[in-house]
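Notes to accompany the following structure.
Chains: A, B, C, D and E, in written order; residue numbering restarts at 1 for each.
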């Protein structure tokens, strides 16, 4: 096992062997195996945005098997999806790639300023489907944050007892913050801290802007002169905010974008000490061959093989 | 076992043998046995609309035994009803037709823009009554969607552990969408996707119109030029939206209608790749001999024996 | 065992032997034993209306033992009361008359347009007190109907597993219907249907008027020319609405009234195919000797011995 | 065992031997042992009103041991307090006096027109602390009455299974009634009835005034000419309202008052057939020697030794 | 074992040996071992205020290991933190210092006048991490006080069954009191009483001002002439309010302040009979060597070695 993976595992000294084994599975699969970096394919957009908005741009994506194969072909560290998508292929693709069962989801047929996703799967589901981890989304800033934190607490406890890893999507949103604030540096850093304090092994946040949202925090950022001009500096601050870099923090790819932008972001994540990316729409909304090439470029950036 | 049934069962590779066996029972019963098509008789209108509105047009229908016998005589794949109706006949008709216990219901003595049906039965009830499946209704678009999705999650988990199949009625309704939107193509396709992601084995939706409800979705439908002019095209899109046709999707018959309309709809369902119909009021609100003939015509359409 | 009792028991073919035995106990006790008819004494008014309003007209009724003895002396089929009243006498009167433990109750110190009674006893209480059945009140039309239906679902499941019968008081009330609508024929028939679908073995409703409350239902009543002019016709329709007469439907006596009215109502219930009465205030708010005579006259009407 | 105690125990014929034993402990302890009368010391005011308001008038009362010793020295039947106070002394004073653990409490840092106390202890706590009974407060008339009744139902069931007695403080309060109505005769009698129907073994109410609160009840009181002019008459009516005197009903002492008033009230309770008093502030807000003398005078009144 | 520790343990006579052992661990660790005094390091500010506001003033504090080492180096009695921070170091620092797992937390991305923290850890977490105690915050005065008291009840019961000690942060806040009232003497004393009644072994409150918030309490304070001019007098009253000094009461350090102020407060706590301090920001927001010196001065004050 690579030294970096051993170092990372050493940060999780209170976890049982099962959980450490599953963290190692995530870190030791695919093209980035043993580098300490991760690129994960997440496909929950069918639920979150609807099927046509998600899959019409590349219709093979309607088929759940497509995404298993894409993640395998591209050499991703793991594939993450809701219950339906995972159980439609977990049997056929058993053992070919680590799986992350996303345990809560939200649709836009009924939307709300203060989101509260539905719990749509269980730790038992993750175990019977052979997953390495469960995923859970929290929305700090929502009036429903208590409900989400407490659902996560219960799920994380059960997951850890059963030797699974816990991946938390921490996306500030709701009446506690402005739209601009959702990606403000102080807010994203806070979101990473909250996820870490709630016991997440892997934390997924959005890339932060240089905006500072909270008055009390802004004073401290200015007094301490925390560097925040470049994206790499901001990534570094977010990673520091997750236990001084002792938790795996990865960044989301967001909506479909120019490839060069995505690559530029990957370089900033790498240079700021981030652990990788979780890239959905930019991957599966193009033909598979292109997607594999696109993902491999990103992996190359993380592996230091691509500038 | 017919090849088509084997193919369909192969889509449910993560389910246990018990659940696959019960899916096979649904697919291998009645006149459409082994064709991969289904016609199901559902009778929950006594609860949902009241007894006189449901049964006065054909008074023998007040008697729960009537519907068991109708489904058997017509050669339906299954009979679906709430707890009271099923347990009034499950003993007498044991083993004669697969049963689906509908686990939630709603009455109109207290109605609401955002429906939340009551859970009126349990997986244990389904097991003690010898059912092959449980049925559950969700209303995406309702402010109560979380409650319904989470009730379904729990019920589906217990049902699958106990080797039952899960049939989901997915009917968009509530303050998140307009009245016209309830049957809009994008909304019905989304409803099918949600049910599939929640782990349904069989999905029941309404027939979609060519209306597009959601602005963000509409852009994609137009950009991707998704065919939607004919009912068959729309059925095809809904089936595609349920895991690219790898989930059983059936369509509801709706209120009492001209026979020719219903037959025309069945042809569109067949031509669009749908898996069949679930037809209540059009069946049981006429004399039994007529109902059997009517249902047999529909079965003939699905079996390709009737144009 | 009388043929009629055997016939009635045959309608409950999905129930276990314990439940059938307890249904038989209700049907085979007292003066109406084996006739298929029932007269039950219910005393929950101390809780529902207060002690003085209930018992000051006949003060021995303050004592819980009084009602046990009244029900026994009059030859009722069963005695129904809340936890406190039953456990104050269940020991002393053990085995002398079937008992029904009413599991939810409501007081008027805090009243509401949309009632939600409190659950005040349990199936375990019913078992330890030697009861034959549990009783539960639902208020279709209340905004809280979901809570009540789901409480009933749970209680009924536990009761049936433990071999008890389930008696449901189904009283439409709440913001979904008008005051007049509470006893409208369509509404009472619907209430009987709901109770039956929820799995009740015995259904208690109020006597219906000829008023029709719901627009959609009214059309059907008129189109189908459902007879509703006489009370007997209306009783017949309500009984039909409870699974075409395959569920035991009994009618409540209501507030204190002229004896001749009550007798007239009993004749209508008998002539319309109803299964009997549940008569509280008209029984226990008069001296015991008079009450016994009064109840015996009603039993005579049901037994066909009194015109 | 005294005949009166045997008679009282005979009213609880559905309870198990453990519960009867604990009821006997309450009735056979202290100076009033075997008389069928009770004087209980309750000290929950530290929680309900705050420490200084409760204990500054007699500072030794800040110490939880003080109240154990006071109850023992005065020869009370039992000592009742919340979890903290009881567990601070239950070990040291084990076996010296029956204990009642008050399981719900409310503070005035956040107050509400419609109170809902917090559940602050459990039946398991009562068992591990060697208590004879649990105490629980309900506020009939509060919009939260359902919550309280259902908490009590669950607690009482568990207590009885474990052989404990159940003491219910039934204090009408909330938006369902006026301030004056809280002690109106009809309301207090109704509160006693509700507690009895909920299964209380011992019922604590406030002393009633001659006011009649509810219109429907008032008519009955007038028609039946229920005597209510003297306090003894009103006590008699309340005791009658608790199962015709077949439940132990005791009366609260209320705020600090002139001793002669309290003695006068005790005489009225005695003459009206009440079972005793529960006296907190009038006992512990004076020096211990005075308190013992004061309580002994009251006990003398109940024992018939003091006029 | 020191006499004072034995005396303190004697106050917890109803607790099991496990809990007494863990209380002894808290009292017998660090520089103040066996003195009956405690200085605890709490670090939950990352969650409560955000990472930069908490750790930017002394960036090594981003690392969870830093705080373990600081508490050990300074000779604190215990280290208290939320799940994430504790489990990031509990393995490496096992057995070096007693740990307190803070089981509920609140962030300011969504804030509320009436706070209700999220439950973010469990007693099982505390046990698997080798903790000696659990910590829980209540906000008396919040409309959500019921929820918090009942969560605490459940947690405390489970903790005590498992031999853990229970530390309660009792911070009045919410719409029931004014901002000034949050630290009013009567309110802080009441908060200490509530925590004690809820069964806390160790109570943490804020230092009280001489303000009196509640009208009814103010009258008593004036009538009884409770001394409240000096901080030491106020501390003495708060300690008295926690069972006359028979519960361990410690005081919080609050926001960063001049060292001389903190020392002055420690002297007042000592002179008023308080049991010690819990000091977060004043400790970890300065370089470690300075922090150790600062904490040692405070410990010296409590030990009587520093004036």
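Methods note: contacts are C-beta pairs under 8 Å (C-beta built on N, C-alpha and C of every residue); 3 or more make two chains touch, one makes a residue touch a chain.
These figures come from a predicted structure and were not determined experimentally.
Asks: Which contact partners do chain A and chain E have in common?
Replies: Common neighbours, chain A/chain E: none found.
Asks: Let me have the rounded angstrom distance from the C-alpha centre of chain A over to the C-alpha centre of chain C, please.
Replies: 58
Asks: Please report how many Å separate the Cα centroid of chain A from that of chain B, as a whole number.
Replies: Result: the chain centres lie 36 Å from each other.
Asks: Touching at least two other chains at once: which residues of chain A meet that condition?
Replies: none
Asks: From chain A, moving on to its ring neighbour chain B, which chains come in turn until the ring closes?
Replies: From chain A, continuing first to chain B, the chains appear as A, B, C, D, E.
Asks: Please output the residues of chain D touching chain C within their complex, sorted ascending.
Replies: Contacts found on chain D: 11, 13-15, 140-143, 145-146, 149-150, 153, 157, 172, 174-177, 186-187, 189-194, 196-200, 214, 216-217, 220-221, 223-224, 226, 237, 240-241, 243-244, 246-247.
Asks: In their complex, what parts of chain D are in touch with chain E?
Replies: It is residues 46-47, 49-53, 56-57, 59-60, 62-64, 82-92, 105, 107-111, 116-122, 124-125, 128-129 of chain D that touch chain E.
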